[in-house]
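Letters A, B and C mark the chains in the order given here, with residues in each chain numbered from 1 onward.
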Amino acid sequence: MLLVVQALNGLQFGILLFLVAAGLTLVFGVMDFINLAHGVQYMIGAYLGATLAAATGSFWGGLLLALPAALLVGLVLEWLVFRHLYARDHLSQVLATFGVILFLNQGVKFVFGAAPLQMPVPEALSGGVPIMEGLLYPTYRLAILAAGLATAALLWFLVERTKAGMLVRAGAANAPMLGALGVNVDRLFMLVFGFGAMLAGFAGVMAAPILSVEPGMGDNLLILAFVVIVIGGIGSVRGAFIAALLVGLVETIGRSAMPDLMRLFLDPSAARQAGAAMASMLVYVVMALILAVKPAGLFPVKR
Amino acid sequence: MRWRDASLPLLVFAALAIAPFIGFGQGHALTLLARAMIFGMAAMSLSLLVGGAGLVSLGHAAMLGVGAYAVVVLDHAGVTEALVVLPVAVLAAALFALLTGAVAIRTSGVHFIMITLAFGQMAFFTTSSLAIYGGDDGYTLFSRMEVAGSRFLEGRLAFHFTCLALLAGTWLLVQALLDSRFGRVLRAAQQNEVRAQAVGFAPYRYRLVAYVIAGAIGGMAGVLLSQAAEFVAPAYLTWQRSGDLLFMVILGGLAGPHGALVGALAIVLIEEWLAELTEHWRMIFGPMLILCVFFLRGGLVGLLRR
Amino acid sequence: MSALLELRGLSKRFGGLAVTQDVSLSLALGEVHALIGPNGAGKTTLIHQVSGTLAPDAGQVVFLGEDVTALGLAARARRGLARSFQITCLLPGFSALENVALAVQARSGSSFRFFRPARGEAALNARAMAALDEMGLAARAGVPASALSHGEKRQLELAIALAMEPRVLLLDEPLAGTGAEEAERLIALLRGLKQRFGILLIEHDMPAVFALADRISVLAQGKVIASGTPDAIRADAQVRAAYLGDDE
């Protein structure tokens, strides 16, 4: 029974991870651009959501206004910083986008203070849904799951069934080809970039009511998103989806099961500490194992 | 070694040598300089990998962590003699590098970055699970180690010059390695792996040896870090710390260990200087990094060379 | 006459496409054995299998009497099997001298030497300089490889191969992209070299091939369709139909 709840939590975390990882994998795969600042897009989304919800007095108002705002922030960053880095080597990209992280993490602290913001759960989605006898699962968490799956479906449709999506896939397989074919690469890059930023921002808004909105909240998620795209195969949206759910489940179930497992060997307090650490480690062990067997990830993009 | 590559580090070492006597002899200033020098050693060892061998590791903080936790384990067991602790810690870090490097070096590019990150995270979470050594809260050392029975390292100046000597030694070692036959093979394999193979060098072994050497130096830096703070915590091994080391190397420039040296000193000292100006110093430091990438193609040492 | 290099029944498929089909040939000391054939005949794929960058699906590569089929590029190079590349393959940041010195270093003692500056090793530099000199590049020794002209890069490739003191040279289109004068100079150089080892040559420049080769094998669709002296190949009707007839 507990396992069902843990599995749902894991899937829901995985979905959020996917929304962040999808943009990351496309930007990396299509533009060969390592954007460490993708995690702060998620944070910006959460802050925008929380602030705009407070301003409009409604979750929905916050959500609706936060999406275009997140897109705008993404495009401004692209214009100011990122587009000057596409032609540079990976190390330069990493250093400059790290500078963006430092600035924005501190920037939100400067504007909003270090204390976490709260965003209310919308009235319509408060309460719980009985998923089993005597077991209520929060409606809002189910809504995240549904919204995430719907977004994933939309993304699949855009990438697999539209002309822009075809170009994106072609770009992931062979980016220089696009320019040679006369595609306006700059505009495609901006499109991909803005869309990725908006997805990450969407994840941030969705997560805001259940997590605390605070500076640096995107940093650890960013690293997990990198784990996801490497496991999934760089440039593969489908790979990112599967890997995100996998990582979400491993992380969440490991966190609840590991301390119990440790209790077999250690006294309770030591077991709790060791178990939590082991659970966090599990994701990286899984990644190392997958890369040992499939060095290009689960769904390598054919080049 | 070329003279112009040597002149900059020699200048830096000279400045560090006279710093305590020209107004930087206070406790706070010396602590800061020691920290800068220790990160200088770690960054130079990483530059052997990044600049020399083309191996971009995002797990180098784990090497420092293994060194620092070797101090903790021995301290807990009552061993605090530097002549024992330092070699054990360095060997432990080298062994960790050997085991993880043997796997990681089979990959390349982004996958190498991620697999070194994975090993770094495993080390981080392992240390935070060690309840016996304080877990997340870390472990406070009662005092610095003895050196051949004397409490030499307790002296502020003695510690400063110990760090400086090891810093200069690290620079000499890394520069010599890069200039040697061994380093030539490493650099060749970085520029064009097929070419290196076609004349008969299989790069794997050379890269692994470089990884182990860098790990050993990192372990030494970890020992010094534990001594500087008289405290060790899992925070030493976070991926952000590995990232910081990488940023020092990139910001300084990849042309040689002197780049990493300058990068480390610049980052530690500028951070401190900005932090004194304003609580929100990162809002200045972040854009500074971005501007450096835009306008300084060869890193900080590239600027000096113009 | 015992062969330096012998290919026995090499075969390789890429998916459904047979790119090398049961290729057997041999190479003796002092011999230039040229491989010709239309584009896509599988010449470069074959060279890759001989040098060790590609593993064949079946067959053997025997070098100096040893079966080296399971060895990689580096291990075969250490045994004296040197190759040049169709697309220039150099160390762009190294000087011409250091490009060659690396090859000399591979043939003289361990490279796990950590402290002595390699650039100061007179013995390495002298032998590298000799190889550069032989290729007419001595005056350009200090120039970074990336700053050399195209023809000079081809010469440097050959100097590196020479410095490896190989027993067999695999040359993949050494004249590609060179002007008429440069080509002539390279042909003269190659002719002067051939007594020291065996050369397996891929080249599109037919006059050069007929001027240099002692034996020619014609490859079409991965198969050797003819093999013999230049005169015999010139006369072979099958070859004319498959290859020489259509303008290359």
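FYI, a contact is a pair of C-beta atoms (placed from the backbone, for glycine too) under 8 Å apart; a residue touches a chain by one contact, two chains touch by 3 or more.
This one's a predicted model, so the numbers in the text were calculated from it and none came from an experiment.
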item: Closest chain to the centre of mass proxy, which here is the mean CA position; value: B
item: Pair of chains joined by the greatest number of C-beta pairs in contact; value: A-B
item: Inter-chain centre distance, chain A versus chain C - centres from mean C-alpha coordinates, in Å; value: 50
item: Between chain A and chain B, centroid-to-centroid distance (C-alpha), Å; value: 31
item: Geometric centre distance via CA averages, chain C-chain B, whole Å; value: 44
item: Residues of chain B touching chain C in the complex; value: 1, 176-177, 179-185, 187-188, 191-192, 194-202, 206, 209
item: Chain C - residues contacting chain B, complex; value: 51, 53, 72-75, 77-78, 82-83, 85, 89-94, 98, 101-103, 105-107, 110-119, 121, 160, 164
item: Chain A - residues contacting chain B, complex; value: 28, 34, 81, 84-85, 88, 90-92, 94-96, 98-107, 109-110, 219, 223, 226-227, 230, 234, 269-270, 273-278, 280-281, 284-285, 287-288, 291-292, 295-296
item: Footprint of chain A on chain B - complex, ascending; value: 50, 56, 103, 106-107, 110-111, 114-115, 117-119, 121-122, 125-126, 128-131, 135-136, 239-240, 243, 246-247, 250-251, 254, 280-283, 285-290, 292-294
